[in-house]
Amino acid sequence: MDHLNNQSPVDLAVNIGGIQLANPVMTASGTFGYGREFAQFVNLDAIGGIVVKGISIEPRAGNPPQRIVETPCGMLNAIGLENVGLERFIAQKLPYLRSIKCRVVVNILGDSVEEYAYLAEKLSEHAGIDGLEVNISCPNVKKGGVAFGTNPAMAQAVTEAVKKHSTLPVIVKLSPNVTDIAAMAKAVEAGGADAISLINTLIGMAIDIDKRRPRLANIIGGLSGPAIKPIALRMVWQVANAVSIPVIGIGGIGTTEDALEFLIAGATAVQIGTANFYDPGAADTIISGLTTYLEQHNETSLINLIGSLDTGVLS
Amino acid sequence: MTSIQENSRIKSAEQITEDIFRLTLHAPMIVSLAKPGQFVMVKTSSNLDPLLRRPFSIHDVSADGDLLLLYKTIGKGTTLLSALTQGMSVDLIGPLGNCFTYSGNHDVCLIGGGMGIAPLLFWARHLSSGVTKPGTHRVLLGARHRRELQPVATAFQSLGYNVDLATDDGSLGHHGFVSQLLPPILPSVQGVYVCGPTPLMQEVANQCHEIDIPCQASMETHMACGLGACLGCTIHGSDGTYKHVCKHGPIFDAKEVLWTI
Amino acid sequence: MDHLNNQSPVDLAVNIGGIQLANPVMTASGTFGYGREFAQFVNLDAIGGIVVKGISIEPRAGNPPQRIVETPCGMLNAIGLENVGLERFIAQKLPYLRSIKCRVVVNILGDSVEEYAYLAEKLSEHAGIDGLEVNISCPNVKKGGVAFGTNPAMAQAVTEAVKKHSTLPVIVKLSPNVTDIAAMAKAVEAGGADAISLINTLIGMAIDIDKRRPRLANIIGGLSGPAIKPIALRMVWQVANAVSIPVIGIGGIGTTEDALEFLIAGATAVQIGTANFYDPGAADTIISGLTTYLEQHNETSLINLIGSLDTGVLS
Amino acid sequence: MTSIQENSRIKSAEQITEDIFRLTLHAPMIVSLAKPGQFVMVKTSSNLDPLLRRPFSIHDVSADGDLLLLYKTIGKGTTLLSALTQGMSVDLIGPLGNCFTYSGNHDVCLIGGGMGIAPLLFWARHLSSGVTKPGTHRVLLGARHRRELQPVATAFQSLGYNVDLATDDGSLGHHGFVSQLLPPILPSVQGVYVCGPTPLMQEVANQCHEIDIPCQASMETHMACGLGACLGCTIHGSDGTYKHVCKHGPIFDAKEVLWTI
């Protein structure tokens, strides 16, 4: 555990359903490539964990352009789950990830429960992977394309299948596009999830008023960035209060203050997403910012902070 | 290729026309790594709106570490940029993407339209410092009006290039599209570099394709990261795959690009 | 219909379920007071319509402070439905509203189906009210506090009750905090709604990291402003495609371009909310901006624009 | 009260200390309507972040239409404001809220702490131009350090007021809280006006309450609109109701405010 060495008397280490992280700062799937892209901007060895771009069994080409649109304090993306596929991930991306010290979580996606199960099984065979993150925001083609993540029973089924076929800790990543996020969280907890991460993107849209066409070729896309932070924080708080497994907070986190809000709300770790695009050193900045905050507040361990929100009578 | 984050200082901020600006940034680390055709991602605001960095070609560099941008104000980010003044700082990431390539010892033609002229100056400087003399290469530049074209053309001329010009309104050089200047020249060159609006690049790519002259085009697309991480910056490749402009480009062999879309 | 007089050859008039508006620009409930507050900043006579702050049967004091928090490109509010109540609304606010030329829509809220029905009945007795907007984002106290707007059957029941007790056109205002907004829209259409407006605010949260307490006394609040625009636009597009009654777009609209996106997506009118706070002249600006856009695009009638989005194959 | 939107021009932007600034804006229309104690809502950015306007007391006005703000940089909005320079424009809405009132012909005391001093200068100017002479009123001002206090105190002195000062570090005047200067003075005045941090205002309100001297306090709270439309700006009233600072205030009879929360 050499990566836990720390000059500061402050202990940032956390455990996410069996994955021991040197600190709670991870990078979110689809926003940090396969790590290497950021080697010049952050100390990859010092990050709590990297969640790689979502992997499917076969490579996917993704959606036609235009794939991204900037929105007020946010962005829409409709990448269409472009990825190199399982085989090339293992052959071409995993070796580099293995060479860095931080924890590596592989985000997986599929069109059916079977595909998730297959990915879980295959990835469990490889060293250098510390956990799986199950992206359930994908459409279930066998159920008419309804997203796994919008139906508690389907979400539970995927979770069970992945757990059954994998020896790795399993994080299930929730979609925010639901009426009752706590119900979704309870379903995946019942399905055996070791941890929950949230939120994935909110579904949004943008229109080119001169062409009177959607800006995204896919018409709709996923909204991310600071704009969604208040929604993400609310959901993380609700989920942390609804389940007893660890929760990873995601959504608009770009500063130490943002990360602290999620930790105080009950997240055991956080993931930095869109912020990596405009501030590629964000993870580093936040890790040292957390240390400073703890020192200033005379806390020796970050654990004390988690879920420390005081909701007693306010005036 | 190596790229870094550098907080540059504005050495000068010139307004060329109503909406065209030239920014000289002191960015010695990026300059030391930069190759012609590459770009930088520029933070245009200290706040969260606009959120994303903006891509700009490296217009030129100087031996003492200055990096020039040539840009047009079209929206939020460029408007904010245009309000910055000497002495202020600008956060850059770069150099990013691939670069123009020259296989040596023959004559080439550089064609730029509008802000597409930006990357060509750095490339022209590079070519003029290399094996060939500027005089044997051709430079064709086009813009809307003389006010826009003149100051930029001068920079190429002072490198020793013979520059042919075209303006939409005929106020300087040929009255019409810069691509119309190419046909008589094309047979005498062995390579073409083009940057500008898509119709211009497509037209030049077609002309080159017909007589089988290699053509490199600098492509634009919407970008979130510039680092190969977001996979947002796709264009259609001629082979049916998607290309990522920030990683496979911005410079593409014109034959690799599907121009018909 | 003197307010339809217009020097420009462009016709901005629209009809919302029986309410004829001079133009599609309305102001959103809770963001424009009772009109008078904005008399110095906009030409109240020229606005398409004003939706007044939500009215309950009895006056409500609302939540303790802190009630508002700024967020990236947005704000959270937990006003707690403070309002003067039915009686004082009619006695003190309605006379002024009657004196201005634009259409007046009264937003109503209640804790039970019966309360909504009562309000609908009483308000129908007064001249000067052109329509009702039913805020179903409120908790149904008889159903354990689940918001009417998150359950299609409950939403339909409220709609039916209001329709039955009112002679006025009824607009039902949907909550965005649901998995399937189209299902909600269809339910209220089935309940007899004359029009649908959306979106109300998204539930969010903000934390004071020094006090480790929620910033809002109410813990959670409603997110509004430009940050939510992409979500609102997507929902408006989905709803406009799901129902045949007119849709009013709301959410982050602050500029002419924003309003146009919603109209092109299928909204027959728009409401300006949070933008009134930072740009109190926004409604005026947008009305003239719409005229300019139509002139520039050689359209004589705004109607042609509504739902004109072309989602044909994109590349 | 009437309020308007006015695009003002910065006549001067002075930095008083590291984090305290004084801005002189030419805003003749607002100035012509302004009364002491009122505030303006200031747009601090041309973009959407920060989104909301920021409330600032009217620090002072001049006969030729200048409006002064005295402010401290504490976050996004005030930091952006501090970067503005002479000649730039600032969008204002105002004057907003109610004003201080004086029932005439007796001596009063003005007490300000920190940025709470801001509205008191305009009030002091008004009082000094009225029925009474400045010399008979008292002004007590407190701040962290002399650097912060001196330039602001001077403005009161040049109106002819006798000003007593206090600093947290003893670098100017009394070493301690400005409220500690009040007890000996209180019996000799018939009214008190206070603005500053809540503990200061509460302490002053208590002292006044004990010997039944009328006290007006200028309250701060989070505001979205400043216009009475959002209902966001509540404070607890002593009668159990909520008060809206932008409409019922910002100036309140100290007895109307529930200080214990």
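First chain written, first letter: the chains are A, B, C and D, and each begins at residue 1.
The rule is short, and it goes like this: a contact is a pair of C-beta atoms (placed from the backbone, for glycine too) under 8 Å apart; a residue touches a chain by one contact, two chains touch by 3 or more.
Treat the numbers as computed from the prediction; the structure is a model and nothing was measured.
The chains that touch chain C as well as chain D are A, B. Using the average of C-alpha coordinates as each chain's centre, D ends up farthest from chain A. Inter-chain spacing, taken between the CA centroids of chain A and chain B, is 37 Å.
Chain B and chain C have Cα centroids lying 47 Å from one another.
Once the centre of each chain is set as its mean CA position, chain B and chain D turn out to be 53 Å apart.
Residue positions 48-50, 236 of chain B are each in touch with at least two other chains. Multi-chain contact residues of chain A (touching two or more other chains): 64-65, 72-74, 225-226, 315.
In terms of inter-chain touching, the protein chains here all touch one another pairwise. Interface residues of chain A facing chain D in the complex, by the touch rule stated above, are 72-73, 315. By the touch criterion stated above, chain D contacts chain B in their complex at residues 45, 47-50, 76, 80.
Those residues of chain D that touch chain A in the shared complex are 48-49, 236, 261. For chain B in complex with chain A, the touching residues are 2-5, 43, 48-53, 93, 221-225, 227-236, 241-242. Residue ranges on chain A touching chain C, taken from their complex, read 64-65, 71-74, 76, 150, 177-180, 202-207, 209, 211-214, 216-220, 223, 225-231, 233-234, 237, 252, 257, 260-261, 264-265, 293, 308-311, 314-315.
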